[in-house]
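Labels run A, B, C and D following the written order; every chain starts at residue 1.
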Amino acid sequence: MVAQNIFFAIIALAMVASAVRVVTSKNILHAALYLVVVLAGIAAQFIITGAEFTGVTQVLVYIGAVLVLFLFGIMLTRARIGREESVDGDRRWLAGVVALLLFAVMAYALVDAFDTEALDAQNALEPQSTQMVSDAIFHDYLIPFEAVSFLLLAALIGAIVVARKE
Amino acid sequence: MIATLLAQAPQLPFEAPVVDFHALAPQIVLVAFVAVILVVDVIKLEDAKRFIPGLTGLAMLASLVPVISLALHGADRSLFGGAFVVDNVSLVLQAMFLLAGYVVTLLSSNYLAEGDFWESEFYLMLLSSMLGMVVMCSARDLVTIFVALELLSIPAYLMASWEKRNLRSNEAGLKYYLMGVFASALMLYGMSLLFGITGSTLLTEIGASIAEAESSTPIVTLAIVLVVVGFGFKVSAVPFHTWAPDTYEGAPTPVTAFLAVASKAAGFVALVQLVFVGFLGRTDVVEPLMWALAAASMTVGNLIALRQTNVVRLLAYSGIAQAGFMLAPFAVSATNAADALTAVVSYLLIYAAMNLGAFAVVIAVSRKTQSGEISSMGGLFGYAPGLTVAMTICLASLAGIPPLGGWFAKFVVFRALTAADTPAGYVLAIVVALNSVIAFYYYGLVLKAMWFSPEPHGDSTPIKVPVSLVSALAITIAATVLFGVFPGLIGHFTGNLGGLLSFAGG
Amino acid sequence: MTPAVLFASETGAIAAESAGWFLKNAWVFPAIPFVSFLLILFFGKRMPKKGAEVGVAALSLVFVCALAAGAQWVSHVNSETGGHGAEPSADTTHEDDAPSAAAHATVKAEVEPGAEQAEQVHHVVHPVVTEWKSDWWTIGRIDFGIGTFVDGQAVMMLFVVGLISLLVHVFSTDYVAGDIRYTHYFAFLSLFTASMLLLVLANNLVMFITAWELVGVCSFALIGHWWEDQQNSNAALKAFLTNRVGDIGLLIGMIVLFFTAGRGESFNIIDINVAAASGAVSHTALLVASLCLIAAVMSKSGQFILHTWLPDAMAGPTPVSALIHAATMVVAGVFMVARLYPVFFSGLSIAGSPINALAAIGAITTMVGGSLAFVQRDIKKVLAYSTVSQLGYMIMALGVGAWTAAMFHLMTHAFFKACLFLGAGSVSHACNHSFDMKQDMGGLRKYMPRTHVTFLIGTLALSGFPLLSGFWSKDEILAGTGGFGLSEGANGNYHLMLVMGLMTGAMTAAYMTRCYWLTFLGEWRGADSPNAHHGTHGHDDEAVAVTVLAHHDDHAAEHDVAGAHDSHDAHDAHAGLPHESGPRITVPLMVLAALATVASVANIPAAFSFVPASWRLRFEHYIEPKSLYFPKLDHSEFSPVIAIISVVASSIGCALVVLYFRKVQAGDPKATELTNGPVSRGGLPKLAYGVLVNKFYLDWLYTDVIVATVKGPIARGANWFNKCVLDAIVIGAATVSKRIAGFTYAVLDQQVVDGVVNGSGIKAAETGGFLRRMQNGRVQGYAALMFGATAILAGVLVLAI
Amino acid sequence: MWLNQFLLLGALLFCIGVYGVLARRNGVMVLMSIELLLNAVNLNFIAFGAYHGTPVGQVFALFVIGVAAAEVGVGLAIVLLIYRNRSSIDLESVDLLKG
């Protein structure tokens, strides 16, 4: 388990550092690329905890689709590629205070509840097979599954109507 | 090669779920109509296109048929291990959503046809959102609730910005979208904690699990607060209300009516299910939280409403205050569960009728005045007495004047609060009473403008009200008056909601 | 509104055999004017008389039915008390408590023998209750019926409302003829009558509250009838808002009653009354309920301190003032107290105590109203304050346990006050629609003989002139205060109320004399008369009176005159001298004057042994309930001493005013001219001495005697209090709410969302006036509020639980 | 491995995301910060799913991924619409509606 912990630590550090850069970078393209690091890190964490299918989906959907969407967005809104001073509001300190406050509450509650609960003690991180996930989706979560498919259709149509040039 | 790999994989048996199609029939009918509309739209039969509003309305009414047949059939149905339940509460609310959707369709048809809009896609959005609401009524599981919420919200974000060339409409959509997504994120975080604490997404199991401990642990408290905040946004409770006035003002008015009634009601439906099924064991968290939200919403909503000059904004703030009234019974949700549940559902039904009626009048009047200012309604009685009377009924009902529906709604809330017999309940009852007095002032201002002020531009040509608007008005006004004059009607629907509570027994 | 139509299939057999058709089918009373309302609303404009004929016809029908109902009630009472004695069944429960039972219920209640009525002992009079149990309103196991509850009190009110409303309809056909909203006006009159009749007949509190609100709405609409004048719509709004304050009391009181006396399952008035009278309900609960309900009475029936809306309500058309703001709607509060009398009787411990909230409020109100009536120069406002004062009498009577006296006074007051209001309307009809007594009236006796006589009768009745109706009813109240004629003062010893009542009696006579004098005596001072004192200094005595009066007492009252003018454009200004009004105006006046004269025969005191027994105390016999739902009351006897004192007091009040006016008339022309105003006084110092003497003389007579005691400190103070404090509170409540809202903006916006968010005062100063909005339009500010509030809410709850 | 190491990482990412949505005035950058919020939640779901040994955590995470994709698409469409009409995606200048 030591190896996993080391991996976790490295990935976590990279994620936090990148996440901070995502929200502070003055260069919009850099921010997008740092976001890739965070999303990839998430996928890696998924795989560490044994959720391979979700990890792969994460890579496919986020890095394959969402990031591309962002790049399109950056291009279509003709953002200047490079350092841009006006990307931040002048209320950063308030944002910081709110975020810290929220983190304090969350961290207190989490530490209080799951103090040193081990993740691998009871279930030993058995890889949950993809089949279990799919069985769950198509057995217990059939309604939300159909609803999500419908949601994607509606979002697609609506987004096209709203975004298209007339 | 692949075949051999597949053959090597361990074969776990997959049991196909048993699906009760009758229970799902309302949703299936809606989906079927969406398919029809899509086909009509894609084929671009120009002749057929003008039938799309009619088709949309038909879709809502057709979905009512299985709702009624389910209600007549009587027995509660539980699908997918309790994740999807069809009981009295869900049927009453489904019927309310479908009728509200029908009225919104009536409100939209002329508005859209006369403006610069993408029409058939709009109805697609409306139906999708409606589908989300109808699913929400039966959802008793976090995943289903979440997906239903997003299904009803995402089309609504788009509808708010549907008037593409209008900067205000754009802004309305943007604000609604951003605030909605932030609230969703908070709610999702809370849901993840609930799932983490209990290991299940079913509300009944969550309820049983978090009710066990003597007192609440911080993590449960945090989870409940975050989930409630997510829906507090949806129902525009203070301090998560800030989007509502801006979005209401900017969005096309029929969309505003939809947001103010259906979307807000959907938030309440989710809250009802979460609180009465999931959180009832955690009175110590839910009651003070809801108390604070209810008191703040009523008071802040009413006080700011006093200063409004735009009637849509006024209705937005009044809606915030009304949300406070509807949240109030939640503050006694555990001590007086049956009454509180009845009060919330009754209020929702009546609120839907009277608020839609008010918006219908606003839409009708602005067809002539092209303005949302209260002063533009001056002298309305002179040239549109019918609309004036309709608006008076709606506003009087919102203000809670007998014998209209709103009075009954306030009464049941008051009764739930006082019958709980707790100090907090009594104090909140007093807050409710005080706020209902404040509310008279701003409703009175609109009434005064309509009845007593002169026409601002001296133009007193009558308003031509299209048939669809007349029908919408007739439905909503009739419901508002009937619910007030014969509250027994609503008692038929809301009298026996105990089925929902029985889940909380575990 | 027409329950029988909707629930016809559910009506079963009638239980009370002796009750007549109209008593068992009382729903027709509100139904007729409601149908008339609908007819006028939808077809009125197309009718030849613009809908007025429907209203008059409907009200005639109502009145005839009311007469029939009255006759049937009399025979009902006779058969219950005289003929076959009712079997003393103690159960007061509804026969149809079980859902399957018959739809009708008659309350069987055991008799409470009246002390004075030896011949009627052991008899009980069943009220006629018709109830349709249905799904009108069901919550859980509570089933709310809809129904009518007819007893003597209700029958009396049916008669009063039907009659006055009919006369007002007739009067209005002339008075508002040609008005732009003529049809609309009659529609609302009909709706008002329907609502008022519903209120009278309601058999449960929910129906009662509904009707209570409906009459309020009609009052709102009719006060604002001529809304083009900003002041009228303000008055309408003020009436509406003030009433809402009391309505909250009503709501809370009714809910308290519902949960205590109604045991959480009944809103039925009889059930609640029986429970309250039986002593089964805790005294505290009844006390709380009655105090809450008193708040409602204070707003609806214009009791001090919520009375301020009533004089402003005179902005409505005069017939409306007569009908709604004198005779019917404003007595709804009195009616409510009388209807729920056991609640108040037990809650306030009326029997045997020297003072209680109801009696005190009533007594104070009589004094306040009486003194304020002095400083008005608008004839309608004099009458309005007089109404406030008289309503105070009724509340005081109820507070001291003189139930019958209160109801009797309610009836007689309805006659003579409606007569006075309609008379004032007739006068103003002749005087260019002005209500200003000093400027536009005077000497009308010559021009309007019929109006003059009827007004004089009304004045005398109101002032308590012996043998007129007002004398008897007021005297009965005064006798009731001390429990006079009873061996041990059984209903308590409210001597303070007696004193205040007598003082008000004197004031009433005084201000009514002043009002009458200014209006009908002297010379015509209208705008077109040569005596108009605007240009030429008046040489006639009446103008002097006017000037002096104006000089003395109208600095405070001058400003509110304009508000109440019936200045509708339908009538062009009548040129020339005033003239008598047409028959549609004078006939109602004569009918009311006749009733104001003879109504006293309804309740001839028991002591008058020269009258046959069957003629004495008829009102008490037929109107006062004798049943378990009504407390056992002792009745005071007629007291010659009090009658004489009260007549003397009134005469003194009257005489002082007469003396004063006579002195003014006797003044020499020089002094007259000098008193005409500061203009001439400043320029003629030599004659100042004479002025001073003259003034001193007047001061001695008027200021020192009447004004110093009434008008000077008290009335001025009361007027100031009225105008500055109470108005400020009522109107200001809204302003204060707005201010708070503004403050909320300022704090939340400037300090939190904007000021703090921007982190610098520059932006705040840039965007900020004091009343900036909380919503600054920045979505991220909103988001910060959302996330921040979430963190704080969660944090607080996490730490607190 | 502790459960809390994942949860605290999730909480940290969430709060960084909160900072981002509040501090950024560029619309696209706010949308990026929203991705941080949603991914932090997903991390929670996966960790809890592993903790309880149930696939439901993954199922929920998959639904969130699907919905998030739709949301970001819609969000970009609205931002694009704003850009078309105002030639700017500066959120602070979007304040026509207030009061």
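Here are some notes:
Going forward, a residue touches a chain if its C-beta (ideal position, glycine included) is under 8 Å from a C-beta of that chain, and two chains touch if they have at least 3 such contacts.
In this text, all values refer to a predicted model and were calculated from it rather than measured experimentally.
Taking the mean of all protein C-alpha atoms as the reference point, the chain centroid lying nearest to it belongs to B.
Distance from the chain A centre to the chain D centre is 7 Å, each centre being the mean of its Cα atoms. Separation between the centroids of chain A and chain B, computed from CA atoms only, is 30 Å.
Chain B and chain D have Cα centroids lying 25 Å from one another.
Centre-to-centre, using mean CA coordinates, chain A is 70 Å away from chain C.
Residue positions 773, 775, 777, 779-781, 783-784, 787, 790, 794, 798 of chain C are each in touch with at least two other chains. In chain B, the residues touching two or more other chains are 143, 146-147, 150, 154, 158, 161, 164, 173-175, 178, 182, 189, 193, 196, 218, 221-222, 245-246. Multi-chain contact residues of chain D, defined as those touching 2 or more other chains: 7, 14, 17-18, 21-22, 25, 27, 47, 51-52, 54, 56-57, 59, 63, 67, 70-71, 74, 77-79, 81, 91-92, 94-99. Taken together, the touching pairs cover every possible pairing of the chains. Of all residues in chain A, those touching chain B in their complex are 105-106, 108-110, 112-114, 129, 131-132, 135, 138-144, 147-148, 150-151, 153-155, 157-159, 161-162, 166. Interface of chain D with chain A (complex): residues 1-9, 11-20, 22-29, 31-33, 35-36, 39, 42-43, 46-47, 49-59, 61-63, 65-74, 76-81, 83-84, 89-92. Of all residues in chain A, only 1, 4-5, 8, 12, 15-16, 19-20, 22-23, 28, 31-32, 35, 38-39, 42, 45-46, 48-51, 53-54, 57-58, 61-62, 65-66, 69-70, 72-74, 76-79, 84, 86-89, 91-92, 94-96, 98-100, 102-103, 106-107, 110-111, 114-120, 122-123, 125-126, 128, 132-133, 135-137, 141, 144-145, 148, 151-152, 155-156, 158-160, 162-163, 165 touch chain D in the complex they form. Chain contact summary for the complex, chain B toward chain D: residues 142-143, 146-147, 150, 154, 157-158, 161, 164-165, 167-168, 170-175, 177-178, 181-182, 184-185, 188-189, 191-193, 195-196, 199-201, 245-247, 249-250, 308, 313.
Residue ranges on chain D touching chain B, taken from their complex, read 7, 14, 17, 21, 27, 30, 34, 37-38, 40-41, 44-45, 47-48, 51-52, 54, 56-57, 59-60, 63-64, 67, 70-71, 74-75, 77-79, 81-82, 85-86, 91, 94-99.
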